[in-house]
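In the two complexes below, chain A is the common chain; its partner is chain B in one and chain C in the other.
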Partner chain A sequence: MRRVFTALAVLAMAAALVSSGCAGRGAPPTIKIGVNAELTGDIPKVGESCKRAAQMWLADIEAAGGLEVGGKKYKVELFIEDNESKPESAAAAATKLITQDEVLAIVGPNASKVAIPAGEVCNNQKCPMISPWSTNPRTTKDRPWVFRACFLDDFQGPVVARFVTEEFNFTKAAVLYDVASDYPKGLAEFFKKAWEEIHGPGSVVAFESFVTKDRDFSAQLTKIIASGAEFLFTPQYYDEVPLILKQARELGFDKPVVGSDSWGSAELVKLAGPLSYGCFFSTHYAAAGAKGATKEFIDRFKAKYGEVPDDVAALTWDSMRIVEAAIKAAGKITGDLATDRKAVRDAMAAIKDFDGITGRMTFTEEGDPIKAAVIVKISNTGEFEFYKFVSPK
Partner chain B sequence: MTTATPERSPVPDVSGRLTVTRALSLLGGVPFLGWLLGGLAAVLAEYLFGLPLALALGLRRIPVLFGFEVMLKAPRYIPGTLVYLVLVYLIPAALVALATARVTDTLAARLLRSPALSMVVHLALLYASIHLWCGLSDYRYLVGRLALIAVMLTLSLNVVNGYMGEFSCSHPGFMALGAYTASVLTVLFFVEDDVFGAPLLPPALGPFFFPLALVAGGLVAALGALAVAIPSFRARGDYLGVITLAFTFVVKSLFENLEIVGGPRGFMNQPNWAGLPTVFAWTVVCIAVINNFVRSTLGKALNAVRDGEIAAEAMTVDTRRTKIVAFLFAAFWAGVAGGLFAHVVSYINPATFGVQKLAEVLAMVYFGGLNSVIGSIAGGLGLTLFSEALRPLEVWKWVIIPVLLVFVMANRPTGLIAFREFDVMKLLGPRRGRKEGSQNVSAQG
Partner chain C sequence: MAYLLQHVVNALQWGSFYALIALGYSMVYSVLMLFNFAHGDIFMVGAYIGLFVATGLLALGSAGAVALPNWAVLVLTLILAMALTSVVGMLVERVGYRPLRRAPRASAALTGLMIGITFETLNLALLGAKRRSFPALIETTSYQVAGVSITNTKIMIVVISLLLMLALDQFVRRTKWGMAMRAMAVDIFVVPLMGVPINTMAALTFALGSGLAAVAGVFFGQAYPVLEPYMGMLVGWKAFVAAILGGRGSVLGAALAGFLLGFIEIFVAVVFPSTLRDLIAYSVILLILTFRPYGFFGEPYSARLRL
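The block that comes next holds the complex of A and B.
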């Protein structure tokens, strides 16, 4: 027994020496940023884009030799946690980032179903959080510590309605959406409300729904065709839109199909091919025809990862830069986490006219940005082309 | 059915050459009370010296989940973390357990004269350890509660899938019913909410009514369980499995279409009343009640229905009543667990209670062991903590956990600790006394 303990003691001392040597004690304080991303689960592409954009931002900071706050350069560390696209895991990941990794601010989660519980944790623990992509009003509502970088569904619905009215002079709309998924359902309802405000009750002639993972939409599409709608609005994701397009065209629906920001993935064009050419959708930014900082970001992202960044990547990039701006504006890092987090939150809330690659942003009291939406047209070569800006009223 | 496993009498190694065997036999002489003391000592050691020790070993902070979260991300911390684990957990626990073995053994025997007192002492020690351990970090506090809730879910599913031998897929549905009912009640009565308006009762009363809300959630879940219990009179096996799966989808669609509770956007604002003491107390009650249930005559009837329904019927077992009771009972506890879950996360949405949740709970039941309370505790705790610990591996986690499951199933087709009776008194009793007792029994037999 004694020999065992002696051996353990020796081992302990050796390990202590080795690891304290490695850990580099006495290093200057670092700024830690958390990323709470959907790396596994049902939308891994979203998490991947988020992670890539965040890492690209980190590479920039490292290339600059650190983040300069109050005339002093700090090393930045990124903590990326997987939230599995599950509410309880998102809460656990946020708690871990806040209490274990002791991050100064958190970027993410992206999807609302995970951003809401993570926001609850961040708000209770008083750690600033910014969600790049969550569009549910409740993510930030009554939570002074939670922000977002994208516009909300109740803004996007009317934007699409106004755009179609002005562009095509249509009066009869059809909607096809997933009733079991929060984002499409919310957007479909906001669109319907806005459309009927412009064209009167009953102008949405078909309001058809399906359930997540349905792959056959012929019944709904047949009804839509029979209803005499002049166009179809379908706020669905990239895995469903190609199927909807294909089945609609096969059934003889030759009218325009309009989408929302959930279309903004390179996968959509890959899957739908020429069927998607000429379609319009509202989104946060347009990759093709971009200028200035947006173009620079797109080119660098493309060079690094071999694909055009989607809206999650662009919004994550903006979120990271908002965090960066807030830290800089906070002026100094005291080393006391609670003080620093408060300073960063206040600085973030005070941000005015932040020049992001997805538009110019100013936060409202709820932590939601006021920014313009972009209408994108899918070109005949399958690129997302900037068509026009639609500003908030 | 379970038979008393023959005791392997730990004969002390006379020759003294094989120290390992001797150490093991020494450990075998420590009663459960001793291990609880050992555990408490380890947790106390961490509480008192954890941080300075971790810093001295070159770590940044206390390794929260047994060091997995550190070691998987930064391999350079592996030696320091391992030493920390040995110094803080292994050595204090083993030393205290061994040093007090004689005292605790006598004490355990004394305490057993009053089983209720013995239970209270053991539970108090167990809770103290968990409380201290979870108290060191909010992350542990959250993960610990989720793990206890997983134990309740696993155990209640085991009643149907293990003890009664039906493949039920309706647990996420029961959980959703309980979660939504409890949430609506607490939010309606005690929280200022956009949908339900001002609280109907003073919020200060809330924590006292919380158990009632949970029970109501359990009862609604049990009511819902009638929808699968009645078809189970006629359908069995795969066919019943499909019915139960359909039930989960029906419940999920129901909440997706109920605008008043947020539809697919989910329901939030649940007050934060499911703290560690609450969750622990409910888990203990759940384990105690289910353990007594499965060891009762009615519980044995479950096994009879599983092993041969016609034979059971012939032997005067009321199979219909047995099935109804099993389903309602399991659903009740799943509902309570759902209510607790909703108040831990403070947000629920219908998508949470889908096929993924089902897969998780089923994995816990079959990993832990069918027809076994201990197995369910092991499965629920083990898989929750393990899956949390492997989070840094991201996608690889979903390779490792399934492979582990396949490995366990290949070697132990019914799970890790299957078909084992959980005799609490035997567990709490002294080791030496029990040895003699079991020898007496075998001598008589």
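The block that comes next holds the complex of A and C.
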């Protein structure tokens, strides 16, 4: 009895395969796009935001009757795979999307630990991939098929240097950073380099460090005050920033304090309170005070899902639209997957001044965007408010 | 000049914490011949108890039940935190150390480490890894004196710490309890024969040390208002260094060494890149110990001391 069922099932599956194959050949091919998202695992919120933004994009395309490429409208299909926020699952999901679902391009994964292995698979299998949120250089390094929609951490150094120069006309900078931690150390050094490129050697008048877990910064801050610096740049986290602000103000430092995207946590305002009001920091995206297309996206997302989109949602939205732009720019769909994928990759690499809601982007040879960063001002009620876009050059 | 004075003021505040915590190490070490490695975490417990007492009192005030002025909240917080943390200290002694009084010293030291880790992880499990903000109980006012920035918080921390150290010194030297403690430091096995209740004395030693750690915790919360479960680890280790540097059994020595440590750390950071601070600071201390292996006021171990 059981054997009969098995045989029937196999037959049914074969029939399904044949019929779908026939249908595929008959109708104009649909454009398939993969989404490799962290739907379960330790950061499910990231996957959810990614999925929601992707589905919102699909709804737009469907409302327009399909995606127009070379004068023909194509139906678009999304394949959303869960990578469980695990490196091996992310690689498996990418393989499945490429070989089984035969997608044209993949958006995601978001987190670097999953984007790096998935990028390896996509690059080897020659399928274009764009990660909305991964900031680790290794995701795209030496991988012509892999792109990203966010800037790298180090990129904020030149951005902050330029912003402070334009906004305040300062010439003397002070830096205070944790020398034992990769992110602040890298950022501090990149900032110093950028600042001295603008203002000449010696214009960073104080370059002070401490080590993780330090709580007293009075020696460093006293040196900074004595150096005559006009502002302080500190790329630290909410663990230290409140203490740095408190001690600096108590020692009589009344000048601006500027930070990086590591400041972008609600905890920071909670811990630092009014001390943080009026401070600036650079980041990827800010919901409050957004204008134009960004505001329109935020409003539509809010109406659809009942919450303010986070940076993952905004960057996924841009990634989807970059894929869309690349497919359009490729000019035609031949139906031969390898040719089409190559055309999409080349078109993506050639994208110039793409107008995203998180800034205008052009890709470098590594597939990293040159784009403007958002400067956020902490308002007098402790909100992160959009202040302006600043590009590094 | 003002620049140097500013560093001196900074070092005085930073040294106060080391001194207050070092006293707890030093007392337990001299009376019971044991390193209470959980002491840094008792400091952490003190800070958290202070946090809950302070937020509780402030909440009572805003609910309209008992509206206290902020200075009264601070005083009450200090007293309650001292009392409750003393109880924690006595419990640690009763549960962790008393059963091991005749065990090898290494076992007691391990127990200390274990108790410390228990406090840290218990805090992590109960309250999560979230940072807590200690409410500011006195409005911080900065005074500019001859180009030096001094806040009222700094003055309060340094002055009250010094007063407490002085009081402890007098207690150890002038009271009967103090005399019993000093006697225990000399010979813990003969002293009970003279009618000294050593269990009570051990508990008292822990209570005093923990009380001082609680004061350090509350003041720490005022000066550096971001609390986390591992805040006592590094400070605890460094205060332990101060206790050794001060010399066994010397209240004055531990206090002085605590301040010295604060000064060395701050001034090394002034002259050298702050990256090298701990390396240079602790090399200096190693050098001092090479020439004075018993610390500043410690006595060489002799037949007079039990070991």
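In the analysis below, the second predicted complex is superposed on the first by the 229 of 393 C-alpha atoms of A that agree within 3 Å, B and C clash if a C-alpha of one lies under 4 Å from a C-alpha of the other, contacts with A are read in each partner's own complex, and residues count from 1 in each chain.
Note that in this section contacts are C-beta pairs under 8 Å (C-beta built on N, C-alpha and C of every residue); 3 or more make two chains touch, one makes a residue touch a chain.
As the structure is a computational prediction, the values presented were derived from the model and not from experiment.
**Q** Using the superposition on chain A described above, determine whether A:T339 touches chain B (first), chain C (second), both, or neither.
**A** Touch partners of A:T339: none, neither chain B nor chain C.
**Q** Once the structures are superposed on A, label A:T362 by its partner contacts, choosing first (chain B), second (chain C), both or neither.
**A** Neither partner.
**Q** Which partner chains sit in contact with A:D239 here, chain B, chain C, both or neither? Use first/second/both/neither.
**A** second
**Q** Should A:V211 be classified as contacting the first partner (chain B), the second (chain C), both, or neither?
**A** both
**Q** Is A:K86 touching anything from chain B or chain C once the two structures are fitted on A? First, second, both or neither.
**A** A:K86 sits against chain B, while chain C stays out of touch.
**Q** Check the residue A:V179 against both partner chains and state whether it touches chain B (first), chain C (second), both, or neither.
**A** In the superposition, A:V179 touches chain B and chain C alike.
**Q** With both complexes overlaid on chain A, does A:T40 touch chain B (first), chain C (second), both or neither?
**A** So A:T40 only meets chain B here.
**Q** Going by the touch definition up top, name the partner, chain B or chain C, that contacts more of chain A.
**A** Of chain B and chain C, B contacts more residues of chain A.
**Q** In the overlay, answer first, second, both or neither for which of chain B and chain C A:A226 touches.
**A** So A:A226 only meets chain C here.
**Q** Contact-wise, after the overlay, does A:Q125 reach chain B, chain C, both or neither (first, second, both, neither)?
**A** A:Q125 sits against chain B, while chain C stays out of touch.
**Q** Can you list the residues of chain A that touch chain B in one structure and chain C in the other?
**A** The overlap between the chain B and chain C interfaces on chain A comprises residues 179, 211.
**Q** Once bound in the complex, which stretches of chain A touch chain C?
**A** For this pair, the touching residues of chain A are 179, 208-211, 213, 215-216, 218-220, 222-223, 226, 238-240, 242-243, 246, 249-252, 267, 270-271, 273.
**Q** Where on chain C is chain A touching in the complex?
**A** Touching chain A: residues 3, 6-7, 10, 13-14, 130-131, 133, 140, 142, 144, 149, 151, 153-154, 220, 224-226, 228, 230-231, 233-235, 265-267, 269-270, 273-275, 277-278 of chain C.
**Q** Which residues of chain B touch chain A in their complex?
**A** Touching chain A from chain B are residues 19, 23, 56-61, 64, 69, 76-77, 79-80, 82-83, 86-87, 91, 137-139, 142-143, 146, 252-253, 256-257, 263-266, 268, 272, 341, 344-352, 356, 388, 391-392, 394-395, 397-398.
**Q** Chain B touches which residues of chain A in the complex?
**A** Listed in rising order, the residues of chain A that touch chain B are 1, 5, 8, 11-12, 14-16, 18-23, 25, 39-40, 44, 81-82, 84, 86-89, 91-93, 95-96, 98-100, 112-113, 116-117, 120, 124-125, 136, 138, 179-182, 185-186, 211-212.
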